[in-house]
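Take a look at the structures below.
Same chain, two partners: chain A is paired with chain B first, then with chain C.
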Partner chain A sequence: MSQAVSSNVKGASIEIKHLGKTFGNVKAVNDVSLTINAGEFVALLGPSGSGKSTVLMSIAGFERPSEGQILIGGQDCTRLPPNKRNIGMVFQHYTLFPHLSVGDNVAFPLKMRGVAKAERRRQAEAALEVVRLGGYGDRTPNQLSGGQQQRVALARAIVYNPQVLLMDEPLSALDKNLREEMQIEIKRLHAELGFTVVFVTHDQGEALTMADRIAILKAGRLQQVSQARELYERPSNLFAASFIGEMNMLPVRWDGVNAVFSDQDQIRLPDTASIQPVRPGSAILAIRPERLSIAAPGTEGSWKATVRDVVYAGAGSLLITHLADGSEVRLRVASAGQAPIRPGQEIGIKVPPEAALLYPADASQ
Partner chain B sequence: MKPGFFEADGRRMSRGAILLLMAPFFALIFFAFIYPLGSLLSLSVLEPSPTLGNYERVLENPLYATVLFRTLRIALLVSLLSLALSLPVAILMANSRGPKAVFLTACVLLPFWSSVLVRTAAWAILLQRNGLVNDFLQGIGITSEPLRLLYTQGAVVIAMTHVLMPFMVLPIYGALRNIPSDYNRASAICGAGPLRTFWEVTLPLAMPGIIGGFILVFLTALGYFITPSLLGSPQEMMIATLISQQMRENLDWPFAAALVGVLTLLVTIITIAFSKVFRFERMLGASA
Partner chain C sequence: MNPRAIILNAYVYAVLIFILLPILVILPMAFSETTYLTFPPEGMTLRWFEDFFGNSRWMAATWFSVKIAALTAITTAVIGTMATYALVRGAKAMGTLFQAFLIGPIVVPHIALAVALYLFFQNTGLSGTVFGYVAAHSIIAMPFTVFTVAAALSSVDPALEDAAMSCGANRFNAFRLVTLPIILPNVISGALFAFIISFDEPVIAFFLAGIRDKTLPRMMFDDIEQNLTPIIPAIAVMLTLLSIVVLLAAGLLKYVANRNAARVEQS
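Showing the complex of A and B:
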């Protein structure tokens, strides 16, 4: 690999302090504070309208924050125009300049920085080699496939060794196989070049597999920032719990020790079940479908349930059941070695108490 | 009509349907353009007897060459001037939203509501000896005597630029409007300031519109009749006026037809040269 791109770049830290952005009377971003360490890979995850793109565009400099501050590498960039920020960015729709060849596209940032022609041609070719498109420099962008175009866009974003790389749903326009290939490619580049990555996506799988930390946004507010495992196993609130993966949510009464169902069935929960203290009263018991297992009906400590539907999906099967009080419970169990189960059948559901999470029922939290 | 005639394979129309829908257009082009042009051109080589004599006359007398070159020069001046004036207007329009955009579009389109004759006459009033322009120039002391503005080449160029400008503004506006804003962002994040982005990205991507507008204005100006004949003097005669003169005053249709032949040849050569130089199709393809 060429020296131009392998000269071990260290990323810059990004500090977002009390960021706010108002469009008309809509608060797109509301008091978001987030510190991203140098060289870290952070995914901004949320449904559309959650403000994740606005946060990214504020880091890039395309949106001027209504409130708050953004520091890149310790320098206040809040009012700095995008062309002075020296950061790389990959857009959703590649945005390669159609009037320039692939090589000239990649060399464009170097040209803007006054690099001499022969040198920028050499560096552009080196960057194309990094994304495994060496020798493609003379083609025009529309001669390349979508995946290749996005790799060229990646080469253009890293060719000048920026300390920060921003990515705005860069893989959403690609089909599934290409997407997975690009995920690996981006992770590899991140590991090799060491820049800081901020990656916007609405695909939770993508966020979980790629990012060091994931920031979840909803309606302009930051919900949780944590590593993938913690986010999945101990989501900090109901929104995070329901947004990531599948989750059974059962209304219960919490008496401080036991979660009591409306039919007086109850489960004793360990202290670790509640991420934040939950006051006695109505609460939500949350549990992942793959943590539940099937038992013979009436087994000690199991819940009585009636099977409504069985969805066979190869390695695993999805069982949709309902409890005596009518609330729905889904189970994901291995298909192999399972006695056949039919809709209408009564089963027992075994619940490991350590798998249950408890949240206050108040939706505003 | 068989099913699928207008929707063969759900997306495209059958060949028959396409031909049927294009028929009125081709009929119009044939009867209003190809047929009259063809009969004029055949007149130029068949009357009074099968001959190239009419074309020899065009080449023999240097007066006709002078008119032809003057026409080319005026058309080029008008095209360049309207390009210079239209580019800022089109940029402003493309960057405007809401009521401002409506207002600007109205300003460009409003002149279409009045006839070319009215707009040309308006310039005659403005530029005459005791017109608004002369009054103003004398008022601020640039000149003590009224200047001769009317019946000059300048008057012809100004008025033709005014009349033809919308044909330059609209294609450029269309091209600018079709450039996704992401390109500007990509350019900015690559380190280009606004001016650099305009020069390196916006202008090349708008080139099909600019060339389209230029060709439209240039070719229209070549055959322009009303404005030059009302605002110019015989010393500034353009080819269209000459042709009209030959037809209506001298009743020399074969010679007028030969002039038309020369003009048509010239227009064809210029159009082909333009598309060769700017690789027209490729640029249209690239802008998609």
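Showing the complex of A and C:
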């Protein structure tokens, strides 16, 4: 959880209760419940069409939920129009008002709140300074670069000290360097100002580095909500496991103690391997490529594999191998100090049992 | 230039001259010293312009036309902008039907509309009233306003209004403070078109004219029937100048609007 929570309680909590939204016969959001603490930074992550924007727009008030309730700071906002919710919002496209100067853009929310002109100017300039664009107030938006425009949009969203800041893929239009710079900027503002952030992204790296907690959505349903580390190390289902980072997935037979491969190799798994109880039968063994290591072929307890491809990528290398039954296993190993490995070579793969996770094979779970 | 381009150019100029010729012929007649129309004009005088401005009946008709044209411009600007907003941003299914009603008058012959309105207005006592004229002229000017406003509106990102609402503006203020200023040049240029369309509209004026109040085009018809003096070409000269000025103004506004639109796209 963010350190901002303890130092600063400017944020408001957000409670999403059994949220549902139907468009025609598409269930865009299906029974999503999520409590976001005051001052917390939560990322909504999921593939395209998973309902991220619909959840965000429901919090903002632009979508009217078909079911459920949304509370901001304990107050029921489900039917409140967006302009009454006192939230700051940054959109995916650049949404600066083209006919207004940068300063007037940032002052716009203050004008809506009846702040006097001189005071508006002062606060707008202060907000521009916060996003490191002090002195840009007299320019027009089209004189700014894409990154600068999103910073102005950010200044406009925070100028009236909202308790909640909502962002829908605010950085997706920026190139990689600018995006990283803006990620740091947003994190800094969050730490300094202490508002609650809900941040939509389909970039898992962005979610992992920025958010206190990450909520994963798939087809309108919440899959998992947890901190980055737990999400990566103990994804709660197969979807989350495959969606975040790389994951080897092997079909196995599970007898309650051992996972047996189709070619009779087997691995004994600790109790912690299964996040939810897995019934004996067919199951999926999941393991991160960087948790595997290379051993001499035939080493006791190692898997026998044949190298198919070696992809050198600087510090690390990716080994694509296959087991005797043909299933693919990928390894990420350090490039340095590694004896050269060639396609076609036989190797052993060492699998630390505590790195393996077991999921029911039934995809619907 | 290759021969085909030369022939094409020559053809285009020939067509233009053919279209412009009647105007070029009528204009010099406005300065003729004779009391009848003649070409080439004889002598050179501004007498017909003086006659026009000195005659209270002509002046009354002019002011009546200005009043109706101005009210038509305002009416179409307000209703046309609201309607276009609904068309561009609103539900698509109803939109198509609605659009047909709005721009339909462009294909309905004015004479048919005029006869229909004549019958309707006779029974409702609207004939010859300011309201009657403004309503009729608004119908025929509306398509032009809708087209000009729609062109601007469809290039404005709807998310701008969402952004304004997230800043605390209600729906109306989001439109008034964000979308409207961006499309305003087109709204005004649509209104200018409506003004001109109303100002020299002859057919409806012919059918709806009351006994007392007549529009300028209707007065010109009367004058042509009774005594065809060069006052008619004199008025034609002024109407032509007015049209040119308004078209230039509209063109200038369109330029401003395009620049704004380019800005919107960039930002």
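Following the convention adopted for this analysis, the second predicted complex is superposed on the first by the 356 of 365 C-alpha atoms of A that agree within 3 Å, B and C clash if a C-alpha of one lies under 4 Å from a C-alpha of the other, contacts with A are read in each partner's own complex, and residues count from 1 in each chain.
Simple rule for what comes next: contacts are C-beta pairs under 8 Å (C-beta built on N, C-alpha and C of every residue); 3 or more make two chains touch, one makes a residue touch a chain.
Since this is a predicted model, take the numbers as computed values, not measurements.
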{"item": "Overlay on chain A: chain C relative to chain B, clash or fit", "value": "clash"}
{"item": "Chain B versus chain C as contact partner of A:Q149, first or second or both or neither", "value": "second"}
{"item": "First, second, both or neither for A:I349, with chain B first and chain C second", "value": "neither"}
{"item": "Which of chain B and chain C A:P82 touches, first, second, both or neither", "value": "both"}
{"item": "Touching partner for A:L358 - first (chain B), second (chain C), both, neither", "value": "neither"}
{"item": "Doubly contacted chain A residues - partners chain C and chain B", "value": "60, 62, 81-83, 86-89, 91, 93, 95, 97-99, 108-109, 112-113, 140, 142, 156-157, 160, 166"}
{"item": "Chain C contact footprint on chain A (complex, rising order)", "value": "60, 62, 81-83, 86-89, 91, 93-99, 108-109, 112-113, 140-142, 149, 153, 156-157, 160, 166"}
{"item": "In the complex with chain B, residue positions of chain A that touch it", "value": "60-62, 81-83, 85-89, 91, 93, 95, 97-99, 108-109, 111-113, 140, 142, 156-157, 160, 166"}
{"item": "Interface residues, chain B side, partner chain A - complex", "value": "180, 182-183, 185-193, 196, 200-201, 204-205, 207, 283, 285-287"}
{"item": "For the chain C and chain A complex, residues of the former touching the latter", "value": "157, 159-160, 162-171, 173, 177-178, 181-182, 260, 263-264, 266-267"}
